[in-house]
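Each of the next two complexes has chain A plus one other chain: chain B in the first, chain C in the second.
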Partner chain A sequence: MDIVFENVNYTYQPNTPFSHQALKDISLEIKSGSFVAIVGHTGSGKSTLLQHLNALLQPTSGRITLGNTELPGADHEQIKTIRQRVGLLFQYPEHQLFEETVKKELLFGPKNFGFDLKQVETELSEALQEVGLDESALGRSPFELSGGQMKRVALASMLLAKPQVLVLDEPTAGLDPLGQKKMMQLFQSLHENKQHTVVLVTHNMDDAMKYAEKVVVLNQGTVDCFKSPRELINERERLKAIGLEVPEPVEFVEYMKAHLGVLWEEEDINEQTISRTLIKHLKGGATS
Partner chain B sequence: MIQFDQVSYQYKSNSPYVLNDVNLSIDEGEWVSILGQNGSGKSTAAKLLNGLLRPVEGRVIIDDTEITDDTVYQVRRHVGMVFQNPENQFVGTTVLDDVAFGLENIGVPREEMIKRIDESLKQVDMLEYKNHEPTKLSGGQKQRIAIASVLAMRPEIIVFDEATSMLDPIGKKEIIETMRYLHEQYNLTIITITHDLNEAAYSDRVITLHNGSIWFQGTPRHLFQYGEKLEEVGLEPTLITKVYHSLKRESFAVKEEPLHFKELVDELWTLYLKT
Partner chain C sequence: MNQSLIIGQYVPGESIVHKIDPRLKLIIIFIFVFAVFMANNLWSYVLLYFFVFTSVALSRIPVSYILKGLKPVWWIIIITFMFHLFFNSGGNVLVSFLGINVYEQGVYQGASIATRFFLLIVLATLLTLSTTPIAVTDAIEALLKPLKKVRFPVHEVALMMSISLRFIPTFMQEMDKISKAQAARGLDYTKGKLKDRFKALLPLLIPLLISSFKRAEDLALAMEARGYQGEEGRTKLRQLSFGKMDYIVIMSLIAFLVSFYMIRV
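Moving on, here comes the complex of A and B:
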């Protein structure tokens, strides 16, 4: 399902002294089946925007179209359908887990959405396997688990509700490097093999540039730009000005160019292309 | 000085040991990184350092005092802790209240309290935010307030338990800068529990844990020589380590394992391009 924002504004506590406009005139389109990253500094409006994606918040003015549902104006049933179709993974898994056992936790969403629970029970072990957990976790309390494991349980329970769109808020924060890589690869495979739309909200520019097809850059509640990672690489100064760091490899290439006079001819910037370019350059330099 | 003397720990009597016969010692004024993947035992080690957990076997000794039920509160005054999630450590409605909280608890007189609050906020470069609400600050700023609260208690040792892992890259840099400053200016003993090798590069020494045992102990430079082997213990070599090792495979004469990309580029410049 396509997601379209048209001139969306959102104000917290309107008409009070605490009134704060978090989103300003946001227009953007997230195509069905695409992989989009939303990046921005603290306070840029990232979390406000993501809560609009499954109707936890609705625009103060403007319009959002989620598939064939429009916000504001959707009724209770329509909103329920949206919540099933758009899965949300929060940054802090402990905020979304509450059942006594992992099994109950996993069944909660599907039960709420009126799924056939007998059928869902047969899918539990596969769902756990998919997120990298052992079946023995089913009988344990989600609160005995480590942060990384809790995150995986929250993810499995999201997947069991069979969403079309996965909205992920800093999904790898706090995981170790191996865990981060595995989790990002899982999202990529869900995107590629099951045609899920993925919306990744992150401050990790490395991940945004590596995995997303397009990147929304938010700054002070507005869309600063909406571009492909390749186009964004040329906007280093602009990103820095709004408090975003460019990925480390990009910074390294700039340093090499400036200090070694390296000629950069590769399209992608990653450790392989960096090594290749350096080796080529040094071989040339050493013989001359 | 901190000493682990044959320390083992398990959470329940029938569950596996998360630390297994660990011996280590950390000197006064040293900056040590404890590295390892999730489940390696590094956070358990951190909690043993200030008596949040007590060893099942062995002893933890801080400055000649073994941590026991009788000494734990005394020891805790010397060992401050900064945790992973800054959101979970705020108690005050303003930055000032928050830093004051610990001091009130130990009954520091008002005059002294005001002095210490200003000093510690200055140490983390947050003095101008004294009357701000903590909730409005960025992740890096919140974590600096948490550090100020710890500093106000005047500990000799600060343990950072994955204190940068939830932060954006700019917040991470802020915290690492703060650690360097405190280490250099005040000779504090700093222990960082982390899985980020870029962060560990700044420390004097690293201890890598794997499955509850010490897998490596030495300088960061020495650790980085393991290159891709680091992945076996769940650590990701830094970009610069990967690039350096691919140059080495092509037999380029680069002398020393680099810690940062500037080191590598500068050395290449000297070696190959100066002539």
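Moving on, here comes the complex of A and C:
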């Protein structure tokens, strides 16, 4: 399902001294089946924007179209359908666990959305495997698990509700580097093999550039730019100006160009293109 | 989050009301409580209103905001008024309908109780809006100090107060976050039978309880790690001291009290 924002504004606590406009005139379109990253500085409106994606917040003014539902104006049932179709995983989802066993925890979402629980129960072990957990975890208490495992349980619980869109808020926060990589690869495979739309909120520019097809850069509640990673590489100064880190490979290429006199002819910046260029450079002999 | 509940929500500002010593503010409220219950004629009430509204005006906090915060209290005020109106039977009958008599005394009593309520709540709200919770507990600790002679644990009580006040917004935020996380998982506690709605609170309360225990543990550890050992040898970051402004306020307070005493019968 396509997600379209048209001139969306959102104000927290309007008409009080604490009134704060978090989103200013946001217009953007997230195509069905795409992988979009939302990046921005703390307080840029990332999490406010993300909560609009499954109608936890509704715009103060403007319009959002989620598939065939429009916000504001959707009724109770429609909102429930949206929440099933758009699976949202908050930062530190391990804080939301409450059931006695992992199994009950996994069934919580599907039960709320009125799924046939017998059917879901047959899918439990597969869902656990998908997120990298063992089937034996089913009977254990979620509170016996480690932080990373709890995160995976929360993720599996979301996937069992069969969402079409995955909205992930800093999903790798608090994981070790290997766990981070594995989780990002899981999202990528869900995106590639199951055609899920993925919206990834992150402040890690490396992840955003590596996995996303398009990147939304938010700055103080407005969309600063909405470009593919390839185009974003040329916006180093702009990213720096709004306080975002430039991805390490990009910095590295800049350094090579400036200090080593390397001739850069590639479009993408990744391990292959960098090593290819370096090999070419070394074979051709140092020029500077 | 409940946005109409504003008691305890500090509105930063630079006004006189914000700046005077919190101890003085507490004393003023203490005196005002007595004054409100000693008022006994129209002019004394007018003077009380004048006092409260001058304070509100001086604080530069929008009146609409304070009134909005009174929303939950309006009902109590109205019910109290009604209660007196219908059940007090002193003086002459003013109106009589459906076999219910409304007496002169009823109207008078009802109006004065409602007024007293209103004035006290506005002033108390103003205190919490213009003073940080930390300043209030500091002031309470300072004012209760004499009780230490009878071995009342003043410092510990003040610390408990400031810790609990400090964590109210944190828990509200936490609650907000958890309820959103569960709503995203399809939890719905606004619809259905009462029993189901109570059941739907569990997914909110259990995570909240767990995180508060964790927080308490972390806080205790952090305090110990920084060598907290109770009051002994502790100094304060913000020393309370009376300034010129405070003396001016005290003078005006005395003037107010004298004229109030003269006016009442």
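Throughout what follows, the second predicted complex is superposed on the first by the 285 of 288 C-alpha atoms of A that agree within 3 Å, B and C clash if a C-alpha of one lies under 4 Å from a C-alpha of the other, contacts with A are read in each partner's own complex, and residues count from 1 in each chain.
Basically, a contact is a pair of C-beta atoms (placed from the backbone, for glycine too) under 8 Å apart; a residue touches a chain by one contact, two chains touch by 3 or more.
The structure presented is a predicted model; accordingly, all values stated were derived computationally and were not measured.
Student: For A:N112, select first, second, both or neither according to whether it touches chain B, chain C, the two together, or no partner.
Tutor: second
Student: Just to be sure I read the superposition right, which of the two partners does A:G87 touch: chain B = first, chain C = second, or both, or neither?
Tutor: Touch status of A:G87: second partner only.
Student: For A:L56, select first, second, both or neither according to whether it touches chain B, chain C, the two together, or no partner.
Tutor: second
Student: Touching residues of chain B toward chain A in the complex: what are they?
Tutor: Residues in contact with chain A: 37-39, 84-85, 87, 138-139, 162, 165-166, 168-170, 195-196, 231, 234-236, 239-240, 242-243, 246-247, 250, 252, 261-262, 265-266, 268-269, 272-273.
Student: What does chain C use to touch chain A in their complex?
Tutor: 3, 9, 11, 61-62, 64-65, 68, 177-178, 180-188, 191, 202-203, 206-207, 210-211
Student: Under the touch definition given earlier, write down the residues of chain A that touch chain B in their complex.
Tutor: Its residues touching chain B are 41-43, 92, 146-148, 173-179, 181, 203-205, 243, 245, 248-249, 251-252, 255-256, 259-261, 271, 274-275, 278-279, 282, 285-286.
Student: Flag every residue of chain A that touches chain C in the complex, lowest number first.
Tutor: Where chain A meets chain C, its residues are 13, 15-18, 51, 54, 56, 76, 80, 83-84, 87-90, 93, 95-98, 108-109, 111-113, 143, 157-158, 161.
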